[in-house]
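Below, each structure is written out as structure tokens.
In the two complexes below, chain A is the common chain; its partner is chain B in one and chain C in the other.
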Partner chain A sequence: MDFGPYLLLALMEGTVMAAVLALTAVGLSLVFGVMRVVNVAHGEFLMLGAVLAWFVTHYVPGPPVVGFAVALVVCPLIVGGIAALSDTLILKRLNYDPEATIVATIGLSYIFQQAALSFYGPDARPVEAPFNLRIQFPWFGYSGYKIAVVLAAIVILLAIWLLMTRTRAGLIMRATQLDRDTARAFGINVDRVYAAVFALGAGLAAIAAVLIVPIQQAHYLMGHDPLLLSFIVVIIGGLGSLRGTLLAAVVIGLSDGVISVFFSPTLAKILATLLVAMVLVFRPQGLFGAKP
Partner chain B sequence: MTKLIGMTPSRRSLLKGMAAGATALALPGFVQAQSSAPIKLGFQLHRTGIGAAYGRWYERTTQAALKVLSDQGGINGRPVEVVFEDDGTDPKRGAEVVEKLASQAGCDAIFGPLFSHVVIGSAPRAGELKVPYLVCSEGYHVASGKLNRWTLQPGITDVRAQVSSMAPWVTQNLGKKVTMVFPDYAFGHDHRDYFTAAIEAQGGEVIKHIAIPPTETSFTRYMPQIPKETEVLYHVMVGPAVLTFVKELGEFYGTGDRPEIFGFIDSLEAVDIASPGLEFLEGTHFWEGHCRAKQTDASEHETFYRAAVGVDDNGASISDSKDVATYAHMFSTWETLFVLKAGMEAAGYQGIADRQKLVEAIEAMTAMPESQAHPQGAKIFNGKTHQVFGHQNISKVEGGKLMRVHQTTVEESMYESDVDYTTMSF
Partner chain C sequence: MLQLQNVHAGYGNVQVLRALSLTAKAGEVTCVMGRNGAGKSTMLRTIMGQIRASAGSITLNGTPIHGLPAHEVPRHGIGYVPQGRRLFSELTVAQNIEIGLMTRKKGAATRDHVLSLFPRLRERLSQRASTLSGGEQQMLAIARALCLEPAVLLLDEPTEGLQPSMITLIRETLLALKSTGVATVLVEQRVDAVLAMADQIAFITAGTVAETIPAKGLSHTASQFQKYVGI
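And now, the complex of A and B:
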């Protein structure tokens, strides 16, 4: 293949990856930013979203697009509910102690994974895409659905940005992030904010999952890679900084796309991990994180 | 002090103990009684992990074979029990499962694992525990002499035999410039090494090797590496993402020009060929160990086997047409169980003390004619390399169905080897 089309394909693959990664990582970053909780179970929330999407699309009658639309609404809600419940039942009782919450979320991740294995089974199951459109370039074909994923991710991320900056709920979240004790002194129910933020973070992972199942299939072990990449993105962007997370997702997604296509996906992972190490050494707060 | 005195055995209890010991020593009577006890076979099953789709069907096939075998009166007139143990398709767990089945469950022999990395990780432990280990894994690691005297592969042919016997057909009918896409681990490397050599022997050339990590979930990024001048695209893929791989291949070529495509059915095992997005496979070719769709010339044994396992004419479960079987591979567990039966009966197998005799009896096997015990077809077993040889099928997708267009002879798949396990010590 010639260089031009080759690069085009690489950039398109990278954009899809960046979009999905941004959704997942923003959820992780939000939870850390507001709650100071390193959520190791984040990848499993994504997996739960994908598995639930399979159930929903499997049992909702009618054309695939109906089932998919229902899944896009229902799955984040259920996963968010599970997350809120885990927060009130477990994390709150640990007083959000950083070490304890890490261990607790590791435990949660195993519980979710084994639950999926027990109730959903070990198979990878496909979810039909809401529409089948192939864009035929002169040099290669490309899935129209993948492009739709990018657009959907942009819309959702814009909505999150509006939520955080333009609404009262966003204001309360930012206030809690800035100083939880003062926020409480002003009558904010911090417990409720934490549960909501944890649910929102998990819900974002679930949305990302519903968007990618038609490309990747739902499988009980699928949470691992997204978790790793989300951590990479969040560390580079600066824990808790949404702007940094978005930028890092685009950088990591695109570079992964280009490096994977031109060299090898393994090299892309090596370089991303190296970048994390460099950021931790030279700018521990991340590219956009505030100095502690 | 009184306590200590209390602990001293009285003369009476000492005598009682000696009597009990003497009874236990009278073992021959005990062994006599045991010979009507069930024969216990361990099945190392990929129930979870990346091999789960195979595991589901391997368990069903083995249960069906066990039922047939029990209806025939078991082995040596003794009932047979199969103990299934999940290894998570993980080499480390695999070795533990071998240990558990041999030591804890007390199995007479172990069989069933497919994934080559698991087999390579588990076989040494089977050798150490001196338990017959009958693998169903296709990898060339058995016949290469890499494993041990206790590990045999009598139920399925190996990759080297498969690819070298089919290479002539590929070069004569599809093209001579080949690009290979394969998983980057032992099983894929066997494909790479032996198909490349076989194509070169036919005057063809593999112009590009594309190795893909077995845990990969996205494949479009690898496709631009396929050179334009490729005449035949050879693909073999395993794991939960196989459907994604084939779909993305279809998206990549779209309606544009594409090379001939020759794939191993592994890339589509347990996947419905009529899935949306797979229309482009029409007219492409696949290797099949055993034809998924019932062929017009299916033998009575094949028909019997298909019904016994519960597979319909399209290769899906009778009870759920969406549950597609791993039909091209799963016959191996059925045939291996019957090889165990034949071996145990030839060896006059009594108990675990006869494990060595069992291995020797299987090593002595040669021709395995097509029968209820070998529904996939006739085979020839080579006791020296511990490897069986058989027919290979090439099928073409016609009207969304895999129809056989070529079958190799058993002899075409055989190769020279100086490996001789029978000279190795037990």
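And now, the complex of A and C:
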């Protein structure tokens, strides 16, 4: 294949990666932005979404598209419910202390991992794509499902942006993010907002998982890489900045795609980590984060 | 009527309020004065439920509010203008006002009334709160609290750092509120502002109200100002 088509293929792979990464990282960024909680269990919420997607698609009868559609609705709701419960039972009791919640979410991640290992097992299992469509370009054919993943991610991210900027719920979340004591002084139930935001963040990771699981496979250790990449993205973009997170996800996703295709996936991870180190040295608040 | 009886409160093991009692009547301005660290702001935060009272009672028209979660206190009709304004700085003027309106589900009529009190805010509705001048920010903080149509209004040093014209405007607004039956609790350090607005003055020292006196006929040279405020 010539360089041009090869580059196009790499960019398309990178775009898929960026789309899924943006969904996952926006969830992480949202939780940190509103709650000031560094959620180390975020990758495991993605893993739970993937594992649940396998169960749902495996047990729901009918063509793959039916099971997939059910999974796309049910898995984020279940994972969001687990997250809200975790918030109420654990994080709230720690009064959202930054250090304590890091330790608590590390503990949560092990609990989720071991639960998945116990009930799902150690094997990676495939989930069938909802449809098999191959789009034929002049130089190569490409998965129509992957393009659908990118479109779905764009729609969901747009919905999140509208939620945050155009709705009353978004206004309440932003007010809570800016000053939780004053938010309480104006009748905002901060505990409920935190539970909802934690659920929303986890739900976004679960949606990303359902979308990606027909491309990858569901495995109980699959949360590690997305967590690392999400942290890379939110550090580069600026913790709590949705705009920065989106931009960084595109940069990291595309560079990962291109470098992985032309060189190796390991080199892509090394360069991303180097970029994080540069950001931490020269602009610790990230590209769009507020100065401390 | 807001009534605090023998309220004890503090931060962790540090006791700040000790058997503090205070009554704020409808249609009156109760000014609270005292030295730094006497417990004035802590008292307001305790009323708002942000600090839990460890003993004593706080009632609003006879209904206990001291055990309520902090977010339920304002729904009973207590508006709060915190020290330093504490606006939602990255939100617009309109959004800050909308949050005030949401608290007790007030609508356009309340919004229009509040904006008629501060016409300058109407010109800046789409502007971020952080970009307003100090005086405009204070107007917004008061406007946001008035969006609750409060029965009780708590203000923590609202004239701090403001130019005289702005202080006059705020003073006139608070005096106008008296006629609507709002009970105002005003923490204030400026004697001229206190004498212009107060019906009664409560002097706090070491976390308790040491003396409450009527403001009428009081002069700048009253001995209590020297004794409790050091002015």
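Keep in mind that, in the parts below, the second predicted complex is superposed on the first by the 291 of 292 C-alpha atoms of A that agree within 3 Å, B and C clash if a C-alpha of one lies under 4 Å from a C-alpha of the other, contacts with A are read in each partner's own complex, and residues count from 1 in each chain.
Note that contacts are C-beta pairs under 8 Å (C-beta built on N, C-alpha and C of every residue); 3 or more make two chains touch, one makes a residue touch a chain.
Just so it is clear, the structure is predicted and the values come from calculations on it, not from any experiment.
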Touched partner set for A:E13, first chain B, second chain C, both or neither: first
Touched partner set for A:L171, first chain B, second chain C, both or neither: second
Partner chain in contact with A:G141 - chain B first, chain C second, else both or neither: first
Partner chain(s) touched by A:P126 [first = chain B, second = chain C, both, neither]: first
Partner chain(s) touched by A:R36 [first = chain B, second = chain C, both, neither]: neither
Which of chain B and chain C A:T182 touches, first, second, both or neither: second
Which of chain B and chain C A:K92 touches, first, second, both or neither: neither
Partner chain in contact with A:D225 - chain B first, chain C second, else both or neither: first
Partner chain(s) touched by A:V190 [first = chain B, second = chain C, both, neither]: second
Chain C to chain A touching residues, read off their complex: 48-50, 69-75, 80, 82, 86-91, 95, 98-100, 102-104, 144, 148
Touching residues (chain side chain A, partner chain C) in the complex: 168, 171-172, 174-175, 178-179, 181-190
Complex contacts: residues of chain B adjacent to chain A: 47-50, 52-53, 55-56, 213, 215-218, 220-224, 228, 240-241, 243-244, 248, 251-256, 270, 275-277
Residue numbers on chain A that touch chain B, as the complex places them: 1, 5-6, 9-10, 13, 17, 117, 121-124, 126, 128-129, 132, 134, 136, 138-143, 215-217, 219, 221-222, 225, 257, 260-261, 265-266
